[in-house]
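After this come two complexes, each holding subunit A, first together with subunit B and then together with subunit C.
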Partner chain A sequence: MRSIVNYFKDIIFGLNSLVTGLKVTGHYFTNPKEIITQQYPENRDTLQMFERFRGEVVLLHNENNEHRCTGCSACEIACPNGTIEIINKKVDIDGRKVKALDTFVYHLQMCTMCGLCIPACPTDAIKMANTFEHAVFDRSQLTKVLNRPGSKLMDGVK
Partner chain B sequence: MEEIIHQELESQEYFINMGPQHPSTHGVLRLVLSLDGEIIRKVEPHIGFIHRSIEKMCEHDSYQQIVHLTDRMDYLSCHINNEAVCLAVEMGLQLEVPDRVKVIRTIIGELTRLSSHQLWWGVMGMDLGAITSFLYGFRDREMITDIFEETCGARLTMNYNVPGGLMFDIHPNFQRRTKEFITHFKKKLPEYDALLTNNVIFRERTVGIGILSKEDAISYGVTGPAARASGFSCDVREHHPYSYYPKVQFKEVLRTEGDCFARYQCRIDEMWESLSIIEQLIDNIPEGPYKAPTKAVIKLPKGEFYQRVETARGEFGVYIISEGQKNPYRLKFRSPGFSNLSALDHMARGSKIADLVAIMSTLDLVIPDIDR
Partner chain C sequence: MKALYDFSILTQSIHMWLSDRYTPAAVTIIEMVLVGVAFMILFAILGLVLVYAERKVSAVIQQRMGPTRVGKWGTAQTLADVIKLVLKEPIINKEADKFLFNLAPFIIMIAAFMAIAALPFAKGLQALDFDIGILYVIAVSSLGVIGILLAGWSSNNKYSLIGAMRSGAQIISYELSVALSLLTIVVLTGSLQLSTIIESQADGWWIFKGHIPAWIAFLIFLIASTAETNRGPFDLAEAESELTAGFHTEYSGLKFAFFFLAEFANMFIVCAIGATVFLGGWMPFHIGHWEGFNAVMDFIPPIIWFLVKVSFMIFLMMWFRWTFPRLRIDQLLTLEWKYLLPINLFNILLMALVALMGWHF
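Right, the complex of A and B next:
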């Protein structure tokens, strides 16, 4: 007798539990406004990334095509993966030979976006940009030169 | 005549490969199952498919650079892993970090634990054949990843800790967003119970499955919620408190059944505990600097330093042997997943293949954590 009671108890408990679950899903089925889904490729124009999001390293330039990088290689030392390569040149300033930045090579394919290079920079020349669509068809396109052609050091940065 | 029939029906053990691409193996884990019909006689895990020699790489990196490698081990509790390395280095330097750092580390650590458990809850449902729970788990996890993205700068591999403190201060919106999340999630957590915990199919597949006794849990070195479900009190936050845990009120979740359902309920209860820990701290973040001053090149004194923390999966340890250089002589990680996996064979013997999936998901294995 007891086993029969338990049998029916189990059935009622089982059906009850299924209805409880269906109530939750049914609630969202009838209230689609509570669902938070971003339609990503369609909302690309209005998409707002967070300010601190680490997407890729960029070298900041002002409107006169000047940057703040002195070529000290502090970021190259701080980088754990060998992502940044600083190539320097000697320039003549008032007859003195001074070290200056020639090429700022950035290997995006090796970057883990750890952000250790940003606090390492003594002149705040680089920052992390918010871009995140990095996919390209050819691997060589991921090796980037960050300083723009013809750019030079900003006045007063040492 | 009878003998012949008996011989024909006699079963033969055979081997089957589960993984490395099976969707419910949570990554590249290969299990060689020795089967008698559908009954498991032996489970032999083959690991090492994503071994990246992180421990060896650490020997060539400076102490600041080591931190970001631990993100890639147990990527679901990366902030807690980072904290372990930082605490070990701070122990070597005998550096006292400001209270603000401790509180923020604790809050974000608990948020990490929550997000890890939410993902585990969703994936556990999906392993057992319910896709709904996966979407619901990710819906709530999205709010936490948004908090991380705004404050730490990344959603998964955050790298927010540095030896001596934090990389930068919390975002002004951090407290508001976290409070919003707590009120939101307190309403949503009962939904989890309605969908899975009380579901009859789910109960049939978890209650009494994969029983691990307390003695076995201790002898296999199982830690975390998997061991606490067997009654083994092993919460590092309680027994060897670090950061701000000594000043926080929380109780260790313990169960005695040791089956899949107990492990499941342990994690659900831990979510409530994490919420209460965050609630205690979120309004009381002390003012002060977010970083203790350190030298640009950190050199630990000669010696050995061990720090243990409680990640979402169990006890995570960092063991540094320093020779006084700017990089460690040897660095060993004690990862919870590796020890938890070793108990899988013991738990799965005698059960069915479908039970193995339930056992694996309640162990909450993260394969990069096992392989390192």
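Right, the complex of A and C next:
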């Protein structure tokens, strides 16, 4: 007797779950406004990328062309695939030779956008930008120098 | 009012025109060729429209856009796909049985052609009006599985063979449920002839007149026919994640297009049978004695009614396909032999009781 009851219970439970699924997809079908796909090249002017999207590493500069990178190479060590190369120079400050950033080389073609360099930076000099149109015609253009020409270390950053 | 749109006038006039000019044998041959060409054009249009509809419906259900680039709203997308498929190289597997490999797509298409011949599209617009119409359609539509088995066997590919065998098991099982659910309505009509079945629904469709047993039969028909066309949650024969493409893994170009077209043609045929038996075929929707309403409904051509009903059924099948996850082979057979078949047999008894006691309208 119990098995017969269970048999019909199974059917009703199964039908019920199927109807639940149909309701969800039916809702989507009758509400085409909820479509989340974006028409990319058309909406290029109005497209807002998401805050957490990781597009490329940028070195932040302020309006005086100053950055916060001390050239400590922590990001270079943190990077799992050798994307970042820090080249340092010695500068004279008050007669002392001090290590400072010369070129911040960033190989975009090797970057996996893992973002491990960002928390590794002790001075919060770099961050992940959410740009994404990186296509170029020549591979050499993917090797970028992130510090702008003539830029120097921001005062008070050690 | 009944003869507002009668296609037999048109077909009769064509027949008379031909008879005046040619011998009876030539007339028969010309008419057969004309009907064949008409169905070929119908299949081509069906393929174009249904593939587009499938892609759009699936896209909206999954909150996507679907094809948008080729033509306005992507309407020419399937045309572009057809051109691509026609231009592709027909690759034949080196170890394949070449004769059967080339034969298989044609067998599937022939089965689809034979089945569609018996479908009544409108009053007088029916190629063959057998007095065993339903039996014929059931018999012929299951011939397609021979093509699938041949394709799987001759490809000399494990995926193909597994897919074909699954398809065979599936169709043999679900054929029963399709036939029995249609028989449930035949109990009421007392005739296997499709045109008579439609005439018997002039005062109301069987799904309304037949009460609960008709609804159960309709539900079972929907499930079983989805399985019979290898679609939706029952697409084990071409389970992409397990068998790459199942029985048509080795096919390319135009021969692949034949399998693809046959799938959609079979879907149309199955939906048309469902619409004919349960939803009144080309009969307009009537409510009791509302004469004005009924007259307006009569004014809509029967072919439109037929196509609307069929597209409703097709939409249901697409909705199923893009909602439910695929069944395992044991679940598939359990569903048929443990649930659908016993319920179906009981349902026929119930329907016989309803018909005997005259409880239907």
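In the analysis below, the second predicted complex is superposed on the first by the 121 of 158 C-alpha atoms of A that agree within 3 Å, B and C clash if a C-alpha of one lies under 4 Å from a C-alpha of the other, contacts with A are read in each partner's own complex, and residues count from 1 in each chain.
Here, contacts are C-beta pairs under 8 Å (C-beta built on N, C-alpha and C of every residue); 3 or more make two chains touch, one makes a residue touch a chain.
Just so you know, these numbers come straight off a predicted model, no measurement behind them.
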Determine, under the contact definition given at the top, whether A:13 touches first (subunit B), second (subunit C), both, or neither.
first
A:93 in the overlay: touching subunit B, subunit C, both, or neither? Say first, second, both or neither.
neither
With the two complexes superposed on chain A, say which partner A:36 touches: subunit B (first), subunit C (second), both, or neither.
both
Examine A:1 and indicate which partner it touches, taking first as subunit B and second as subunit C; both and neither are also allowed.
neither
Have a look at where A:53 lands relative to subunit B and subunit C in the superposition and call it first, second, both or neither.
first
In this superposition, which partner touches a larger number of subunit A residues, subunit B or subunit C?
B
Let me test your reading of the model: by the given contact rule, A:25 touches which partner, first (subunit B), second (subunit C), both or neither?
both
If I apply the document's touch criterion, which positions on subunit A are contacted by subunit B in one structure and by subunit C in the other?
18, 21, 24-25, 35-36
Sites on subunit C touched by subunit A in the complex
57, 60-65, 68, 319-320, 322-324, 339, 343
With touch defined as at the start, can you tell me which subunit A residues reach subunit C in the complex?
11, 18, 21-22, 24-26, 28-29, 32, 34-37, 39
Within the complex, which stretch of subunit A touches subunit B?
10, 13-14, 17-18, 20-21, 23-25, 35-36, 50-54, 78, 80, 112-116, 119, 128
Interface residues, subunit B side, partner subunit A - complex:
61, 64-65, 68-69, 71-72, 132, 139, 142, 146, 149-154, 157, 159, 167-168, 171, 191, 194-196, 198-200, 203
